[in-house]
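Shown next, in structure tokens, is the structure this report addresses.
Residue numbering begins at 1 within each chain, and the chains themselves are lettered A, B, C and D in the order written.
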Amino acid sequence: MESLIALLVGAPLVGAAVLLCGGKRLDRAGHWLGTLLAVVSFVIGLVLFANMLGRGAEDRALHQHLFSWIPVGGFQADIAFQLDQLSMTFVLLITGVGSLIHIYSIGYMEHDERRRRFFGYLNLFLAAMLLLVLADNYLLLYVGWEGVGLASYLLIGFWQHKPSAATAAKKAFLVNRVGDMGLSIAIMLMFTTFGTFAFGPVLGAAGETSEGKLTAIGLMLLLAACGKSAQVPLQSWLGDAMEGPTPVSALIHAATMVTAGVYLITRSGAIFDAAPDAQTAVVAVGAVTLLFGAIVGCAKDDIKKALAGSTMSQIGYMILAAGLGPIGYAFAIMHLVTHGFFKAGLFLGAGSVMHGMNDEVDMRRYGGLRKHMPVTFVTFGLGYLAIIGFPGLSGFFSKDKIIEAAFASGGTQGWILGAATLLGAGITAFYMTRVMLMTFFGEERWRKAPTPSPDQPSVEPAAETRGEYEPPHPHESPKSMTIPMIVLAFGSVFAGGLFSINEAFVHWLEPVTSFKHGHAPVSALAVTASTIVVLVIGVGIAWLMYGRKPVPALAPRGSFLTRAARRDLLQDDFNHVVLVRGGEELTRALVRIDDAVVDGAVNGTAVSVGGLSGRLRRLQTGYVRSYALQMLGGAAVLVFATLLMRGV
Amino acid sequence: MSPSILAAASTTSTGEAVQFWILGTVAVIGALATILMKRAVHSALSLAGTMIILAVFYLANGAYFLGVVQVVVYTGAIMMLFLFVVMLVGVTAADSLKETLKGQRWLAAGAGIGFGILLIAGLGNASVKHFNGLGEANAGGNVQGLAALIFTKYVFAFEITGALLITAAVGAMVLTHKERTERARTQRELSERRVREGTQVTPLPAPGVYARHNAVDIPGLLPDGTPSELTVISTLRERGQVRDVSGESLAELAALEQRSSEWLERGGTGRSAEQRRGEQARQRDEEATR
Amino acid sequence: MNPINYLYLAALLFTIGAAGVLIRRNAIVLFMCVELMLNACNLAFVAFSRLHGNLDGQIIAFFTMVVAAAEVVVGLAIIVTIFRTRHTASVDDASLMKL
Amino acid sequence: MADFSFPLLSATAVVPAVGAVATAAVPAAKRTAAKWLALLFSLATLVLALVIAVRFDPGAKGPFQLTESHAWIADFGVRYELGVDGIAVALIALTALLIPFVILAGWHDADALEKDATKRWRPTQGFFALILAVEAMVVISFEATDVFLFYIFFEAMLIPMYFLIGGFGDRAGVDDATEGAARRSSAAVKFLLYNLAGGLIMLAAVIGLYAVTADQLGTGTFSLQQIVQARAAGDLTMGTGIERLLFLGFFFAFAVKAPLWPLHTWLPGAMGESTAPVAVLITAVVDKVGTFAMLRFCLQLFPEASKWATPVVLVLALISILYGALLAVAQKDIKRLVAYASISHFGFIILGVFAMTSQGQSGATLYMVNHGISTAALMLVAGFLITRRGSRLIADYGGVQKVAPVLAGTFLIGGLATLSLPGLAPFVSEFLVLVGTFSRYPVLGIIATVGIVLAALYVLVLYQRTMTGPVRAEVRAMPDLKARELVVVAPLIALLLFLGVYPKPLTNLVNPAVDHTLSVVDQQDPKPDVRVNAVPGEAGTDRDAEAAK
């Protein structure tokens, strides 16, 4: 059995290698090969899953040690895998959703001449992500961690000819790098503290060291999580990441990669449990981000960016839950899985809409599409209901539990977090309804030519500029795209319910992430009720604003908050002014210093030596007699010296 | 010499002292004259004087052989060589003692005096109370002693100096020898060229007129009594050492006429002025034929 | 009188010669001054040989004379050649060896 | 090894030397023959280097193996002493490995000069002969265990490098020929004088070392082993002041060669003006001698002084890391950018060397090897790019990825290696250096970690500006990599991947040597607060098993 684990990672890795090195001759079959390998690793995952279920709850974890990777003195890093329930969950999510999205991409990327490479990148991503969740030590996890970063860089920038895409890719990688810095420092701390960084010993010995060190480690891990999971303050890259093809957004920036942060924190639970301050920081970040993302999501007119905001906010929920400790881990993961389903579904839906609207992303150019693409409408709608937490659907179960746990975290903190989560739920309902209404209901705004606006020149198709405008012909997407959407829709409808049947999911994870029931100051029923109320309010407001009266073709100026939210709450402006400008100034100054001071000193020495020798050259008059004079002077000096020596 | 130097002593004979003080003074004066005389010849002569005095000192110091050698080699050979070169380069070529290099003279004086003071100071503190003379060294005769040393201890140095002298001689010849680039012209060719050029068909005139004077640096006179540069060799001309005698020769001519006229008057009154004029004419066409 | 005076005299003559070398421009006179210096040295050698009571000093003086002779021969030859080529015996005119 | 009489080490240095002579002797007409000859000899050297690696026994006793020792200048105790430890083996292998690629990559570099070639002046022959000469000198300075012997070749290296930089410089993007020549020669002169100055100061220190040994041991010696043993035995005790002075003398020379801030200013010029292969030669091969010498000579000859100087050196290294990275971001010239990146990387190496931990020093050694390979890959591809477009300015490129995907891909991989992406070789070394530093100087370690972000910045900015975006008109007709160029790049990339996943061969080679160095310096790794006993699961047992065998 263990040997299969390596295969799990190996299959997509081989796929990536073959597809990327294969060259043109693979162009015809490339996407099939990629999809096949994704499915293969999914099947292997299922096999391992079945096998795991066959064993007792406690000894379900599998270990596979391939070889010693970096052995230097006390520093012993291994290429070794660990497959326990937590990893298993991720493996199934990644390979499952991954396979679906491979299938989807076959249709979606049909007309792209670089499709082979696209599938290569996707496989690379799968491999890296699986490595991330299967690693049995933090260093190997780090490899996967940066691996997914690379894959996301390549995929965001897949349409490299668009400067915006290239820039977004670079930004994503850089921001992630900041997070990775945190992870690497955390690993160093672990090494100096425990002398190792394998999960087993570190988490086992977490209790034995000072809380200060653990807090430091925890905060560093949190920084890493912020980078990868687009949490405040490192969230700025996720919005731009939507430059990538939609399947990428669905797989990497909704379902899997961005949730790696949650995995990291849950995995390192033992450390956080022993470091309350770190936990507080985690929940704070989570709470802030879930509101931040939600607010941003409300203001975006670009459908993908709106969804990105929502992703941010949902992951905020997960991080918050993970920060709550044993009462939250399980729910964090559960929400992660369900979110994986419905958010992927939503993105695929968005992709299908764009596919039908020849790559228009501005929701103000949509409207009344439900008639034209029914399947998309239905699946998207189910995903919508799931995410806003409509009772009975996945989102309801997972999010409701998180809200309960938030309240249960106790004390004022509990109340604050609870309020934040509730508010977040309300805003979620609002902006998702907004998206739904603007896209599928109302008048068909795309029929008439758009009024060009200075705000978003990027989304203007070239046609408008020339004046003549033929409206797009919205049509349902091909089967290869709809089927995955349908499957995901099923997931988003039933997953939550299935998991919650006598807390199956919680108990499944319990051996890894210890679980205990939180005792909320208010009854679970009350929480549920209030959730539903908030939800209704959110939907209502959205309907009042976008359902009743027609959506203006051009975004109204809006309040300051709206404008700020459109600009990601001015985060980018801040970065631009502080980091980009400052950095440029700094480097320019340094260049000047390097030339003037550092190199100047060197050249100065050279020049001065030259000048000195130029002066000395004057002694060379060419007159024999002055030479003779110098000789005599020298002789005199010598005689004088000798006399001195003999002590005159 | 005085017997006092035959044994180790702390002082020398008074005679030698007197000799030292007198000759030493002369030697210094000669040395100064060497460096201060404007004309090279004078420098050479005063140097020669100094050298002879040094020779005497050698003798006084029991270096008989060296004393003689000094006279023979230095004053005899080397100084003569100098004089020859001086003649080649020009006896009268006097260089002005005006300094051209900036500050050279002062620096030179400073350095020289400083150096001298240092040397003398150095000697001064090398206090030699008594000295052991060359008594036993010269016992078998100074020349024999030297010979013994030269042909035993210093034989290699001696041989090498031999080689050195040969080399020097050859070197001097090589340096001074003028390589003749083209074949020397024969008389015929020379005369033919003169005719071709036509500027000076006849050979150049010889110096000295009427054998009144036979020095090479006196130009011949043209019929009108003016000196002709052509008659002096180019070297002297270059050095500007042509003695101008035109005036004196004319004076001599006048004196001659005077005497002859007197003689004629004493000899008889038949001689008249035109006779005298005829004489002068004769002289003139004699000149013309020259 | 102490023979050391010969040494003083030698020093004096040497200095005079050196000064001459520095002051005079005429190559021949320059050479004479060099000779003067050499002679001063010889005198010193001879005096030393007397002071020490052995003949080595005289030998050295003898060699010095030989070398001096050789040097003068070559030197004068050089002077003559220079004079031939540039019609001057002034050492200041031969000052091309400079940058 | 006594059983092995054949002078393997000498042979490894002699073969390229002979090759240089042979190549130089090829008549003017047979240019291609000269190229093949040079390639042949470099490959022969590679074979010999591999033989060394095979015959070398990491487990063996004693610091040095395959030693050769002959009297040379008896009066000054100078001996012809060769010997290798794991570090030297690794670096010799690196050198011997890179040279063939350098030769292949520079296959046509000298052709531009052939137009004014004569019977006597044969650019092609000269170019390849010089490269081989450099290889020979580098190899022998890796092997020398006699300080004086090392010094001679450490300095002599400059001569061929000078001609390579000044004579065969990069003509790309030089509009005015004379002005370009002036820039080249000034860069070459700067390189020469800078390194010469360092070398002279070192010479003084070398003589001082001799004086000290002569004073204390009776007979002066330059032999590293002898001095180290004498120190251990207590026969040789340098005065603190003397030792520090000598250390500074040595360190200065190595810091110039390395180069360490603020002595780095010669590198960008030299790399910018020389052709890509020569630039690789400078940064990947020649400069390594500097860092290697710090590890072998500075630390082992002057342990006390090294410890005394550690804080300052570490700070300088840190400055180099950040400073180099920041300047790399601001560069407009591709090759200068790589140069500044190298300065940053050399900062890491020196940091690792002076962290005085086994991780730090093993990491530093691995870093030398990996940086050699990765920079070679990046720089050579950049060179191919530059020769295609005829410009070194980043601004002159754009959208190359669309026209020449393979070139762009290899360029990207080289870049990712430069920013030390996990899975590629440099990551292993960089992380080791960081851990090694962190475990003794946490603050420095954390600050150094900022370097990895900056590295990402300059690499990605470079890639974005050159490779992505709309295709510029000038690059539209740009051909993709040719077979020769692929032959150059592919193995390097394969090596990067392999060493990234399985660096064990290298670590096994290096670890004992590093432990020996540390024992000489008398430093132990800091112990972790919590000693976690054997890792559960078969992982631990497996590791024990591997440790056993």
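The criterion applied here is as follows: a residue touches a chain if its C-beta (ideal position, glycine included) is under 8 Å from a C-beta of that chain, and two chains touch if they have at least 3 such contacts.
Labels paired with UniProt names: C = NADH-quinone oxidoreductase subunit K.
Quick caveat, the model's predicted, so the values are computed rather than measured.
Chemist: Decide which interface, A-D or A-C, involves more C-beta pairs in contact, and give its chain pair.
Modeler: A-D
Chemist: Please report how many Å separate the Cα centroid of chain A from that of chain C, as a whole number.
Modeler: Chain A and chain C have C-alpha centres separated by 96 Å.
Chemist: Would you mind pulling out the distance in Å between where the CA atoms of chain A average out and where those of chain D do?
Modeler: Centre-to-centre distance between chain A and chain D: 37 Å.
Chemist: When the centre of a chain is set as the mean of its C-alpha atoms, what distance in Å lies between chain B and chain D?
Modeler: 76
Chemist: As a quick test, compute the distance in whole Å between the mean CA positions of chain B and chain C.
Modeler: Between these chains, centre-to-centre, one finds 18 Å.
Chemist: Specify, in ascending order, the residues of chain D that touch 2 or more different other chains.
Modeler: Touching at least two other chains: none.
Chemist: Any chance you could list the residues of chain C touching two or more other chains?
Modeler: 18, 22, 25, 92
Chemist: In chain B, which residues are in touch with two or more of the other chains?
Modeler: 101, 104, 107-108, 111-112, 115, 119
Chemist: Which chains touch which?
Modeler: Applying the touch criterion to every chain pair yields A-B, A-C, A-D, B-C.
Chemist: Okay, in this complex, where on chain A does chain B touch?
Modeler: These residues of chain A touch chain B: 621, 623, 625-626, 629, 632-633, 635-636, 639-640, 642-643, 648.
Chemist: For chain C, which residues are in contact with chain B within the complex?
Modeler: The touching residues are 1-9, 11-20, 22-26, 28-29, 31-33, 35-36, 39, 42-43, 46-47, 49-56, 58-59, 61-63, 65-74, 76-81, 83-84, 87, 89-90, 92.
Chemist: Per the contact definition, I'd like the list of chain B residues that touch chain A in the complex.
Modeler: Residues of chain B touching chain A: 101, 104, 107-108, 111-112, 114-115, 118-119, 121-122, 125.
Chemist: Quick check: in the complex, which residue numbers of chain B touch chain C?
Modeler: Going by the criterion above, the answer is residues 5, 8, 10-12, 14, 16-17, 20, 24, 27-28, 31-32, 34-35, 40, 43-44, 47, 50-51, 54, 57-58, 61-63, 65-66, 69-70, 73-74, 77-78, 81-82, 85-86, 88-89, 93, 95, 97, 99-101, 104-105, 107-109, 111-113, 115-116, 119-120, 123, 126, 128, 131-138, 142, 145-146, 149-150, 153-154, 157, 161, 164-165, 167-169, 171-173, 175-176, 178, 238.
Chemist: Which chain D residues qualify as touching chain A in the complex?
Modeler: 190, 193-194, 261-262, 264-265, 323, 326-327, 329-330, 357-359, 362-363, 399, 401-402, 409, 416, 421-423, 427-428, 431-432, 434-435, 438-439, 442, 445-446, 449-450, 452-453, 456-457, 460-461, 464, 467-471, 501-504, 507-508, 511, 515, 525-532, 535-539, 542-543, 546-547
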